[in-house]
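When the chains are written out, they are named A, B, C, D, E and F in that same order, and each has its own residue count from 1.
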Amino acid sequence: MKLSARNAFHGKIEQVHNGATTTIVKVDIGNGLTVTSSITNESADELDLKPGDAVTAIIKSSDVIIGK
Amino acid sequence: MKLSARNAFHGKIEQVHNGATTTIVKVDIGNGLTVTSSITNESADELDLKPGDAVTAIIKSSDVIIGK
Amino acid sequence: MKLSARNAFHGKIEQVHNGATTTIVKVDIGNGLTVTSSITNESADELDLKPGDAVTAIIKSSDVIIGK
Amino acid sequence: MKLSARNAFHGKIEQVHNGATTTIVKVDIGNGLTVTSSITNESADELDLKPGDAVTAIIKSSDVIIGK
Amino acid sequence: MKLSARNAFHGKIEQVHNGATTTIVKVDIGNGLTVTSSITNESADELDLKPGDAVTAIIKSSDVIIGK
Amino acid sequence: MKLSARNAFHGKIEQVHNGATTTIVKVDIGNGLTVTSSITNESADELDLKPGDAVTAIIKSSDVIIGK
């Protein structure tokens, strides 16, 4: 499946931090860059996310703010 | 000003494409990665965005989906 | 690829309406329900979206408001 | 009040799961489809959300990704 | 209908600017504050939005970034 | 740094409520209006958010729904 979301960054999970209902996932996308994502625990469990996993961080272009 | 948004990627504008009310901005963040952002024309004008400008692409962690 | 986004509704495209930079896509997900999506023209072109196509409408749970 | 958000799916709450600050709500919208929403505990309390409640899941079209 | 979205600001429309598929709406919420919203033309038409209309600008708390 | 996000409301923090991974921040923007934001604990810690702090609540126009 191809997605309409314009931004898809491939990387490796650095850290998975589970809260009560929300999980914070940090993905190393190379070049010293990390993407932080906040998802449901349910998603983190279903995808069995753990450090070292190869994942993709996906972001819709309407969610990107530009600062200058 | 420091932002709560966890993701801030520094780069250079590659392309600015103006529509009727919405502008698409592409930012080269290095390492062969491009961030695409969709903002209002008003913002693009006010920030005077043009190719080559040094900018930051900012994304809240709740807007990042993980694919595995 | 499996996505962390909790909501994925399969359906058929009813309508694709291109604007200057933004395209509106309507997806019939059955049972009389339609999902409306607003994406970039670039995405619509790249995915070659047209009426009748089988697609999936994907929504992160943090983007769903509850009314009662 | 009528909303600009293009997507409003009527259904019944299946499950309410409270976390420390965030609540996950699952809404059965018929035809075997469930919408998952992540809201603040404060909202869940104020709307007194509980299984069986008739609710509407509301989604802005700019938050819908298309996969094909 | 009561909404889970934590932010609802009542005001009067100052300006409606239609694009090809996207409309920009500016709402005066008093005290010198204006809220800018980007919605589909379809929504703007269906709600018959025009300057002077009493409206509410609604924002989910997960879409609010804090700067300090 | 100037942001493309059209909405930036200056105010004072009224309340900071930490959850397991998510923090709810309430900002008094004057005129009896409060903005509620949901951010990561990590952000709340890094910005050292506490009642009385002068902050800005920032919202992209594509995240604003209009009700009429």
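Here is the rule we use: a residue touches a chain if its C-beta (ideal position, glycine included) is under 8 Å from a C-beta of that chain, and two chains touch if they have at least 3 such contacts.
The structure displayed is predicted, hence computed values, not measured ones.
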Where chain A and chain E overlap in contact partners, by chain label: B, C, D, F
Relative orientation of copies chain A and chain D, as a Cα rotation angle in degrees, nearest 5: 120
Furthest chain, CA centroid comparison against chain B: D
Homomeric contact chain D-chain E: same or different residue positions, threshold half: same
Chain A and chain C: spacing of chain centres that average the CA atoms, whole Å: 21
Chain B and chain C: spacing of chain centres that average the CA atoms, whole Å: 23
Chain centre separation (chain A, chain B; CA means) in Å: 18
Residues of chain C whose C-beta touches two or more other chains: 1-6, 19-22, 24, 36-40, 42-43, 47, 56, 58, 60-63, 65-68
Sites on chain C touched by chain E in the complex: 17-24, 36, 38, 62-63, 65-68
Residues of chain B that touch chain F when the two form their complex: 1-6, 37-40, 42-44, 46-47, 56, 58, 60-62
Chain B-facing residues of chain A, complex: 5-9, 24-25, 27, 29-31, 33, 35-39, 43, 47-49, 53-68
